[in-house]
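What follows is a pair of complexes built around chain A, which joins chain B in one and chain C in the other.
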Partner chain A sequence: MKISVKQAGYTAAAFIFTSALLTKGVYMYLRQDSWVAVILSFLVSLIFVYIYATLNKWFPSKSLIEINEAVFGKIIGKIISAGYLFYFFTLIILNARDISGFVGYILPTTPYVVIMVAFIYTCSWAVRKGAWNIASYGPLIVFVSLFVIMLNGLFLINDIELNRLAPAFTFPPIKYIAGTHLLTALPLCEIFVFFMFVPYLQKADGLGKVLFRGLTVGAAALLFIVIRDIVILGDTLLILSQPTYSVIRLIDVGDILTRVEILYAGILISLMFIKISVLYYATITAAARLVKTSSHDYLIRITGALAVIFGLSVFSAEYEHMDWTNRAAPIYSSFFIMLLPLLTLGTAAIRGLNRKNK
Partner chain B sequence: MFSFLMKKAGIFLAKKQGAEGSKEKKEDKPKRLSKKLPENLSVIREIMKGSSDIIIREFYLNLDRIVEGALIMVDGLTDDRIINDNIIYPLMHDARQHLKKTGGDMDIISHIRNSLLSASQVKEETDIDEILNGFLNGDVALLVNGAAKALIISSKGWEKRAVNEPPSEAVVRGPRECFIENLRTNTALIRRKIRNPGLTFESLTVGKKTGTNVCIAYIKGVARQELIDTIKKRLTSIDTDAVLESGYIEQYIEDFPESIFATVGFTEKPDVAAAKILEGRAAIIVDGTPFVLTVPLLFVESFQSAEDYYFRPYFANMLRITRVISYAITILAPALYVAITTFHQELLPTSLLLTTASAREGIPFPAFLECLIMLMTFEILREAGVRLPRPVGQALSIVGALVVGESAVSAGIIGAPMVIVVAITALSSFVTPNEADSAAVLRLILLILGAVLGGFGIAIGLLGTLVHLSSLRSFGYPFLYPIAPFDVEDSKDAILRAPLWLMIKRPKEMSTDIKRQTINVPPTGKDIKDNKGELI
Partner chain C sequence: MKHRIYRFLFAALILALLLAGCYDRRELNTLGFVMGVAIDKGENKDEIELSLQMAKVTGSDQSEPGSGSKESGTGGDSYINVSASGESINQIVRDMEYKVSRRIYVPHNQVVVFGEDMARQGIRDGMDFFARAPEARATVYVLVAKGKAADILEADTVFEKMPSSDLKKIIDEQDITSTVPQTTLYDIMNDILSRSKAPILPYIEIIDDKGSKRINCLGSAVFKNDKMIGHMDLQQTRGTLYVLDKVQTGTMTVKFKDAAAAAEIRQSKSKVKLSLKKDGGVKAEIQVRQTVGIGDQKGTLNIANAENIPVLLKESEKTVKEEIMAAIDKAKELGADVFGFGKSIYRKYPRKWKEIEENWEEVFREMETVVKVKSKADGSGRIMRPIAPAVQ
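Moving on to the complex of A and B:
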């Protein structure tokens, strides 16, 4: 069965939505002006989505690995594809680390290794069932999450102080650029990974629509969450390690509806599950296409084991992880999801591959 | 895990059978009747040797004792009145006149069939196996000397139960009839609901030794032909000795036998079967079973009841939501209780926390063990309650509820909150009877995950269940449809039910003729408004 544009689009939204719940990074740069970065990064991401869509139109129903080979030739194409494979794999590690950090926050006595193994194992199970399967329940999880987030916003209406958004536009421009770059490179343009889903889409050149839908829904949710966090928490944003979680902890409707943070924990785990499953799937298909094998089972096991090992040892402390996310990760990501696609598009245009395909 | 174990067991057994398979005898070619009656009778006597219920009635068709005949039947399966009045009487009395008039040079079997027998169904057979099959099914076989053909005359008439109220699908509103063990009564019950020439009952025989009759019911032009072909293919490929209940068929034809979730539905209400057939599904009726199978089955159907469509939509939707919540409670309540009391005490409001803590004070077991003991006790009580005679069963439930529950709490072995949790779990499991078996297994898995990893474990367990459910197919249809993949249009009758006049189409891809009714929304509201749309 092939994946419809709607299914893939909402699954892509889940991808962005996940990061929307871990928004600590952008607050570090822009505090009460973080919402500006969300809007700017949405606009910048639209440009990149257009680039990805163009590549997809030129090479319909082809995954990233095949496009690389078609554009750069066999050897260079394979080297670039290996780079992408490494990038997808590192994203699994970093996101698995994120979720382990969060679960470790709720279950302080449980060792990371248990959490990581349980989580990666469940994701590997999802990967084994295939892309269509992931895209079938992706929208369901997104709808439930959106509903919970909206409802949470409603329950917190009493704590909202709009003047916490003031003063606006007071930071130096470089901070706006840094914040926008962080949001563009980390959650928004990461939907680039859906390039690996192209062969399974109902419409061979439908990636543009998929990504546009995902980006719009995801960015809207991100904007809502960021504004809600700012107007409720104000300056305390900076001292809390999990601002969104802390916001939801404030919910107390007539002493009856309290401790709803369990819902937040539930949706974060579910969304992270979708995100890691998609990344895991992309890694497996990229590896399988690269080495031209059809035995996915071994690849799934090997990737899972490596993800657990690297996930546990990649950062020695939580602070190191945060520092990487805020400072190094955007640049690292930019290379793969901004620079390389541009380069691919440019080379394809120069080599006249667009015309040939048409 | 289950699939892995089953695959390994399957490979092991297949290998073993492969080694033994060569020893099996090959089946003989079909035996044909000969023209000599004594020879034919001795073959049948030899096959049925030792059976006291086989009756072979030999007679002459004319006074000259030239034409001999024999009737073969099974005592208890036939209607004596039909045999005496409509078969034996014409053959022994009227035949003399007829045979005199026509002389001896005609095809005697065709003559008997066309001019003498006053039975509704008569067919000619030449194969001995088919003849055996005929009288073992309750018909009478007529063999005549000089003819290499036999007549199978319909004369079924055995003891059967009356059509009464369905014991496991009782309703407040709606028809109170229920399928019974007799296949033809069941097909008639469906035919009475759907008086449409398109309604088709295709018959097959399954089970080498039992020769059980199985019937596929569907509406031509509504059900997809691919679905019917798949069902037929799966039914004909069943290679087993015995089919004693529709459960056998269900386990042979389901898409995922290793899953804890059933992907073939069952019902004992003719109105439910008819409604499903009208949606483009197919029903499989098995002789000897009051449970009719329906395919394909979607997960949401487990939360639906026939009454939902007979009540007005608001109340019906309330009931449906209650069923979904009950299912969530039955699989999650013990796991959540154990996870919260063991790992996440901070999630409970302070006063509730204090009450729970004081109730659990002095309990010697950890919450997980306590929960396992209570769940096990409940399962024992339930199983014993089902097996025991009804009056004793009721006494047992009182013993279970009062003595075990109350005394376990007062003795300080089990905490009072745990009794409440297990009681609500048990109660909720009866709300969705079709999913009760899967819920029992899922509950245990989630309980273990909750006890080991707390809320995270439960979340992992639920996500795993979601992955599994969305990977299931029922005859090619995604099991979780229309939830995953989500479909707005078909959600009109999933968790919530839209008013009947809004259900314009049948479920997508389930049917070739998708339109159910013409759009007339709302059907009667326009009567109370004038032409300008104002209230009169």
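Moving on to the complex of A and C:
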């Protein structure tokens, strides 16, 4: 079955939501001005979505691997595709590590290996069932997440101090650039991975619509979450290791409605399931197309096993993970989701492939 | 088909293992629920004395309110107090396991009380554990006790089974007096991190009430960074809460010709307007708007009529102004910006803040403050005039 624009769009939104709930990095740069970075990164991401959409229009129903071969030729195309494969795989590792870190934060004595094996195994199940299966959960999870996020905001209405947003625009420009770059490269433009879903879309050139819908819904939720965190947490924003989770821990409605953070944990785990499944699927299809095999089963098993092994050993401690996310990850991601697509578009235009396809 | 069966069995096995419950689950009868914490200065330098009040879950079912007793108590007790000393809270909590047969469990803790000596030395180290521990909650009340904090956990209870629950409910109820702050761990963290806002914590003591040891509120303990530097009485504390827009309801006695009335604050809203003066100083204009009704009155003069109500309102405005001015004077005397003026200046005039941040204490002491109070009348309750025959 082919995926509709609506299903894929909401799955892309769920993809952004996942990172929207882990917003610590941007607070380090811009504190009360973090919302500015959300708006700026949304605008910058629109440009990249336009680039991805153009590539999709020029090469309708083709996945990234085929586009690379068409644009750069067989050998260079394959090398670039292998790079993407590596990138998608590292994203699985990093996100699996994120969720293990989060569950480990709630259940400190649970070994990471238990969480990671259970998680990757569940995702591999979804991947085996196919792209449509993963995408069909997207709208449901997005609506449930939005409902929980709004509900949490409502319960915390008494803790809101709007003046915590002031003063605005007081940081040096470089910090706004760094914050915007972080948000663009990490949650927002990561939806680039949906390029691997193009062959399964109902509309062969519908990627632009999918990504635009996902980006808009995702960025709106991100903006809401960031503003909510700022106006509720104030200065503590800077020292909390899980700001969004800590906000929800403050909910106390008449001593009766407390400890609702389990809702957030449930949502985050569901969202992470979608995100890792999408990345897992992208990795498998990229690998299958690269080595030209139709047997996905072995690839799923090998990728799952490698993801668990590397996920457990990639960082020796949480602070290393944090340092990677804040410093290296945006630059690493930018190469694959900003620079390479731009290069692909430029090369395709120079080689006149856009006209040829038309 | 065979594959399917294997898969199904594998999934069933995994699910049976994972869904049966956490492998490190903790049953109720293995946990020591901490309900209150007292932190005092230890005997030796750098030492902390930690006292934990833990609920005896099985005992609390049978015991009567007020029958709680401490460690040495017999059957029917509802709590146990355990104390130990050491250099770090985490270490002391672990060491307590030598004395307690259950795992010490803090998520249900309701209050953290610092002894005055400890508070004057600094509460940062004492709070660190409660801010850091994943299970602990930032909504717990933090207080300062005159004298030893551990004594608070020994108070006699009336309605609750444990002194810590009593104390929590006493602070919960302070929204009807608005003379004691309801400060949580999260509030203090925010204040300390702001660099200029001085935290205020409820200041309590133990009094001898006809042979019973009862908890009593004295007002608020004033801090600079994490160190207590003085305290405010109940009226000064309400003055501070007016400026912070945290007065909900309350009552004040207003003298009135040959009568007196308890003016009841039914609603209050405050605003602080900051402005920069030409001489480089800062001016704060505090505007309070409140609704006042008659709670009760003394004497036979009818206060609730068109002639006397404006007088009552004027008097209530005067009282509020006095309370706020008393709070400002005290805060200036202590050099502690309990009102968060510094934070507001940083938000409104970030450049000016950079200039004055270094000498903020001095600037704060020199600050011009203007208080404007406007009272609006509310009803007189179920009666319209005092219980006295009408004057013919």
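Rule of thumb we're sticking to: the second predicted complex is superposed on the first by the 358 of 358 C-alpha atoms of A that agree within 3 Å, B and C clash if a C-alpha of one lies under 4 Å from a C-alpha of the other, contacts with A are read in each partner's own complex, and residues count from 1 in each chain.
We adopt the following convention: contacts are C-beta pairs under 8 Å (C-beta built on N, C-alpha and C of every residue); 3 or more make two chains touch, one makes a residue touch a chain.
What you see is a predicted model; the values in this text were computed from it and never measured.
Colleague: Record, for the superposition on chain A, whether partners chain B and chain C clash or fit.
Modeller: clash
Colleague: After lining up the shared chain so the two structures overlap, which partner does A:Thr236 touch, if you call chain B first and chain C second: first, second, both or neither?
Modeller: second
Colleague: Identify the partner contact of A:Ala118: answer first if only chain B is touched, second if only chain C is, both if each is, neither if none is.
Modeller: Touch partners of A:Ala118: chain B and chain C.
Colleague: Could you let me know whether more residues of chain A are touched by chain B or by chain C?
Modeller: Counting contacted residues of chain A, the larger count belongs to B.
Colleague: In the overlay, answer first, second, both or neither for which of chain B and chain C A:Asn163 touches.
Modeller: second
Colleague: Quick check for you: in the superposed arrangement, does A:Pro139 touch first (chain B), second (chain C), both or neither?
Modeller: It touches chain B, and chain C stays clear.
Colleague: Considering only touches as defined above, state whether A:Val26 meets chain B (first), chain C (second), both or neither.
Modeller: In the superposition, A:Val26 touches no partner, neither chain B nor chain C.
Colleague: Can A:Ser270 be said to touch chain B (first), chain C (second), both, or neither?
Modeller: first
Colleague: Per the contact definition in the header, classify A:Met196: touching chain B only (first), chain C only (second), both, or neither.
Modeller: neither
Colleague: Examine A:Leu250 and indicate which partner it touches, taking first as chain B and second as chain C; both and neither are also allowed.
Modeller: So A:Leu250 only meets chain C here.
Colleague: Regarding the shared-chain residue A:Leu107, is it in contact with chain B (first), chain C (second), both, or neither?
Modeller: In the superposition, A:Leu107 touches chain B and chain C alike.
Colleague: Under the contact rule defined above, give the chain A residues that sit at the interface with chain B and also at the interface with chain C.
Modeller: Shared contact residues on chain A: 106-107, 110, 118, 255, 258.
Colleague: Going by the contact rule set out above, which residues of chain A touch chain C in the complex?
Modeller: Going by the criterion above, the answer is residues 105-110, 118, 121, 163, 166-167, 170, 233-236, 238-239, 246, 249-250, 252, 255, 258.
Colleague: Please name which positions on chain B make contact with chain A in the complex.
Modeller: 343-344, 346-349, 453-457, 459-460, 463-464, 466-467, 470-471, 478, 480, 483-486
Colleague: Within their complex, state which residues of chain C touch chain A.
Modeller: Per the stated touch rule, the residues are 14, 18, 22-24, 134, 137-139, 172, 186, 189-190, 193-194, 344, 346-348, 350.
Colleague: Okay, in this complex, where on chain A does chain B touch?
Modeller: Spelled out, the residues of chain A in touch with chain B are 4, 7, 103, 106-107, 110, 114-115, 118-119, 122, 125-126, 129-130, 133, 135-137, 139-140, 143, 255, 258-259, 262, 265-266, 269-270, 273.
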